[in-house]
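Encoded as structure tokens, here's the structure I'll be asking about.
The chains carry the letters A, B, C and D, assigned in the order they are written, with residues numbered from 1 in each.
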Amino acid sequence: MNFASDNTAGCAPDIMAALARANAGPAGAYGNDAATKRLTGHFSELFETEVQVFPVATGTAANSLSLSTLVPPYGGVICLDQAHIHEDECGAPEFFSGGARIFNVPGKRGKLDAADVERVVKLNSAANFHRMQPAAVSVTQLGEGGELYSPDEIGAIGEAAKRHGLGLHMDGARFANAVAGINCRPADVTWRAGVDILSFGATKNGAWAAEAIVVFKPELARSLLYRRQRAGHTFSKMRFLSVQLEAYLAQDLWLRNARHANGMMSRIAEALVELPDVRLLDRPRGNLTFVNLPVYLVEPLAKAGFVFYHWGNANYHTARLVTAFNTELGQVKKFVSILRKHSRGRKPPFAMDFLPRP
Amino acid sequence: MNFASDNTAGCAPDIMAALARANAGPAGAYGNDAATKRLTGHFSELFETEVQVFPVATGTAANSLSLSTLVPPYGGVICLDQAHIHEDECGAPEFFSGGARIFNVPGKRGKLDAADVERVVKLNSAANFHRMQPAAVSVTQLGEGGELYSPDEIGAIGEAAKRHGLGLHMDGARFANAVAGINCRPADVTWRAGVDILSFGATKNGAWAAEAIVVFKPELARSLLYRRQRAGHTFSKMRFLSVQLEAYLAQDLWLRNARHANGMMSRIAEALVELPDVRLLDRPRGNLTFVNLPVYLVEPLAKAGFVFYHWGNANYHTARLVTAFNTELGQVKKFVSILRKHSRGRKPPFAMDFLPRP
Amino acid sequence: MNFASDNTAGCAPDIMAALARANAGPAGAYGNDAATKRLTGHFSELFETEVQVFPVATGTAANSLSLSTLVPPYGGVICLDQAHIHEDECGAPEFFSGGARIFNVPGKRGKLDAADVERVVKLNSAANFHRMQPAAVSVTQLGEGGELYSPDEIGAIGEAAKRHGLGLHMDGARFANAVAGINCRPADVTWRAGVDILSFGATKNGAWAAEAIVVFKPELARSLLYRRQRAGHTFSKMRFLSVQLEAYLAQDLWLRNARHANGMMSRIAEALVELPDVRLLDRPRGNLTFVNLPVYLVEPLAKAGFVFYHWGNANYHTARLVTAFNTELGQVKKFVSILRKHSRGRKPPFAMDFLPRP
Amino acid sequence: MNFASDNTAGCAPDIMAALARANAGPAGAYGNDAATKRLTGHFSELFETEVQVFPVATGTAANSLSLSTLVPPYGGVICLDQAHIHEDECGAPEFFSGGARIFNVPGKRGKLDAADVERVVKLNSAANFHRMQPAAVSVTQLGEGGELYSPDEIGAIGEAAKRHGLGLHMDGARFANAVAGINCRPADVTWRAGVDILSFGATKNGAWAAEAIVVFKPELARSLLYRRQRAGHTFSKMRFLSVQLEAYLAQDLWLRNARHANGMMSRIAEALVELPDVRLLDRPRGNLTFVNLPVYLVEPLAKAGFVFYHWGNANYHTARLVTAFNTELGQVKKFVSILRKHSRGRKPPFAMDFLPRP
């Protein structure tokens, strides 16, 4: 009964089976195998355009390698303060770019927009060589707070980026949940909206450890073979990465898994909005949300064995809830029933504003 | 029938089974799981001393992270010209160290020794700040040409390193084959001989993708959590790395696999030394060797479907033969029988000197 | 008539004379000359403790080399948003540290304090390897807005830094103006208050191009010879740097120059506080201040040929005024007389809040 | 009486005078001054083509910044083993490029040639992503041993470089001595022969501290403003760098100085070739040469106060002799007369082969 992270789940059965199948017989090393070679075709079909694909094992590798193709060492990446690349990767973007800076947009929850891009660019003009030069924008889809960027929203950011010669990277650690939440074609929120390079996540949604760097702008792919190798991210038995991705795409497993996770979160949300002593921050359309709960609701959940991140004061907590491809309906029902049981049926006598994670 | 690389083999059944078992139920992310926590104990027992262990997925990651704890950006690593860190990692040591240099000892086949260390140190004295400063030595065990370093040989290098304040790293991509070949305790060729940090390889010897950075000098471990994270080498579902290593050590699978591979190579070697038109460069004690063969022996092997690296001239080729944990005796017998059948029973009328790989 | 920058001034006559003297006869290269060797003594006397000194030619070199001794590549430097190392060095701290981050404290004018240090450290705890690790604090003395840190204020920051194992760097581009403004001993605002390494500026205060990295913590000096060389900051004819510093210290030229500049700024300030339509942001104690002026005062100054940075709206501008070692009293008097002449003798009918520099 | 280095000499009187003149009155900071702005014109005229110019203070800065525009972090620079960028800059090329490698051509005295380039490129093919990728060639003109590359020799290297998509950098620390020695137009040994970017040295030939990065390929200049700033090599009072370069070019001071130094070296060489117990390695055409001398000739020179680098055995030494713009004829005559006086007038009874510098 774990709503803490989609990283605590294991691996989807179809992917496990593909790994077992890939173990029969030898295969060329370092990507010189049949499964890896098929990936370009699979992803080009999925995105309805010719793409290049580089499988890696972690989201940080995907993000940092992607950004390193866009940003010179004297450049910078515009993103939200709470972006994974800013908060959680211990300086990987700085490392892979050779010293670039993250221009984090502080004090803002939710989504980056074109005005943020314009503001950072204006403050760091190319005419002023004392300033690091904005070179890329990075958006997270599904957002860090569970937000969805619509194709138009990405498109507006993409236009601002192009206007100033910046590349556009998408951190798609939960890309499947986003596409399932919007119900759009993958191309609509990526290259058609101006995305140059995508970290296409699979690990959080049922793979063991597999992400794909999907390159929409061919010239960005040129350096990636070398950059991946020098970062130690070229697997000798790469087929084991590639078959995970292949199984993840087959029969739309990626979307089926995401729809399940999103559906479980919707179930939770539907129940929560009806409780007056709970404050849901947004209507979740993906598999992640933040919610404010009085302490008298947090405690029985914890006692019942539910694990999730929460922080707060003597009155209430802000909780981060995440569902996964294998969250069981029974868990959700139990979670909801505990809340209903302990709800006092009225607004609590204190304001419950979002509390930033400590 | 593949003698090209131990990377083309798949995964040992015990390891595959451990992966499947690890998939049952949730586990803490980023190393906060039971299997990862057990690794310190397993490796400390194996090495008969308290060690710290950092699982990663590739040998390049293990080598480069290890070296980055030993070498400042103005420093250098002494190793043989043909070392993997010099020839095959596209600059990973330079990347992870922030610009250090590889002081490769050129023009030498075989093994590094203490005199090499002394020579490089003398040429780049600490008093001369124009020169990059030697800061570490890296030896490969099993060597790039299949050589074994005895505990005494490592010890002599270790003493030279300590004399000049250099760290000693061991690239143990084929550490199991070496320990099996020497028939020593793992401690004897590592920390007891002066090794500070070890890339303990499992991938080439039956894992899917798993290496362990084993740290013998506690202060080197301090930065590794951060360095691994910023390099994108901290797996979110780390248990899947850790259980590979756990299964690899259980019931001495690592040694059993290595003994098998070494034994298969011995079989090949025993047959080869009896053929006067074949020149074996060294008596192999691991799972890797180089051999010179007249073209009239290379061709029938290729025709029979044997895959291995070879290069040469109109008369003869130098071939690199590698056996693996799953090399079948039948393959070896067939290989040998083809050679016997086509041997002309006398020395060829041309010298067969070792040809450097093109 | 230039109040734009202390970088637009030339070189003090005593320093020019020292350069000319140094040109007589050969001298050892790369610091192996008599003047360079004397610097350690000069600076140790000045700071009343044994220090080590590394002359370089730019403030950015001094700052970045200093920080690179304190901060690992996965570390960070805590400083104010408007610090030179954050705003004006195009990523030099990131470059020299190999990818560290600047933890800039945003939205705050004036001075960093111990609470800022505590807050950033708390947000990025060592237990959380996903976060870059604060490793140093950098304070600017004279501050970016002309502020002075008292010995006690530096001491409080120094204590917070030590409490968390952080190094303390001081960017002393205008160190002379600060010491003259506080009227303290140089040791009081540096090592006695916890400063580990100092960028001791001379260029802005009468040198041609000379800064000294002054190291109070001996172990930090060990890597500097190598770091300076690999950054191209070791001058072959280093005596020409060193004699500037020597002449700068001789007969307290550094303090005399600073007192002159500070005195000229005081003169300006005394006149400004008497004008009701001018708003001085702080009482300047150094050679730098910010002031709000109605447009009807800005225009006649510009017409009279006064050059200084200013920005604003249709009603008023915020101006940055800087005096230098060679600012002439006549200039100051003329400046003041123009303001007096055009002052309307009453508060303007609009608020004049500080406007951030565009 | 110093033949040790052209770095031990001071500054030419014309350059000192220009520095003094530049000190009258304020000037824009960071290159925004009249002298700096004039440099583009001066150098474009000198090289008979539109160039861009970036003044810096050291040769290492010029070399490393130049190379950083040509070489990605996974790339490499082909040069001779004894190149300054390989032997003497403590890893500056690695630092500025973000971790690139120097592909030093070992075991070769004298000049790099096109075959060296071809060989290194072949060994590190672009198809092999395990290898760092050759991206530039760097030649030193005047060579490290005093050699001159003719326009045709540079041209052949330039063609090989272009054939493989490599950039061509020239380390012109002694460019003036080379042009004077060849007696060619500056363009003939630079862009007309395929050089993309030049470190144009002035420091060794009479400047105080001034080098110009001269960019022949406009796209390489784009990043240099930022790269120079982040390396701390943008001088705030840049006019003092620029007027050195301006005075250096005025009335062909650079060539006059170089011709003088070369002429002094010729005088020495003419005397040496007549002494049977001296072995001159090459007929010097620049201001630098290596010579073998019996110990019985070395000793009286040392006793007479001559300073130069020499190393050797009980019988003879190899000496490196360098003349400078201000070497006096009297010194040369005295040097020669001592040699003549102590010469034994016959070949010594031992071979005098070139001894590598220890």
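The rule we apply is simple: contacts are C-beta pairs under 8 Å (C-beta built on N, C-alpha and C of every residue); 3 or more make two chains touch, one makes a residue touch a chain.
Keep in mind the model is a prediction, meaning the values are calculated, not measured.
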Farthest-lying chain, centroid of Cα atoms versus that of chain B: C
Where chain A and chain C are represented by their mean Cα positions, the distance between them in whole Å: 42
Chain centre separation (chain C, chain D; CA means) in Å: 36
Set of chain B residues in contact with two or more other chains: 30, 73-74, 89-91, 94-95, 98-99, 129-130, 132, 226, 229-230, 234
Contact graph of the chains (line, ring, star, complete, other): complete
Chain D residues touching chain C - in the complex, by the definition given at the top: 2, 5, 7-11, 16, 19-20, 22-30, 56-65, 89-92, 94-96, 203-204, 208-209, 226, 229-237, 240-241
Residues of chain A that touch chain D when the two form their complex: 30, 72-74, 98-99, 129-130, 132-133, 223, 225-230, 234
Residues on chain A engaged by chain C in the complex (per definition of touch): 73-74, 87-91, 94-95, 97-102, 106, 129-132
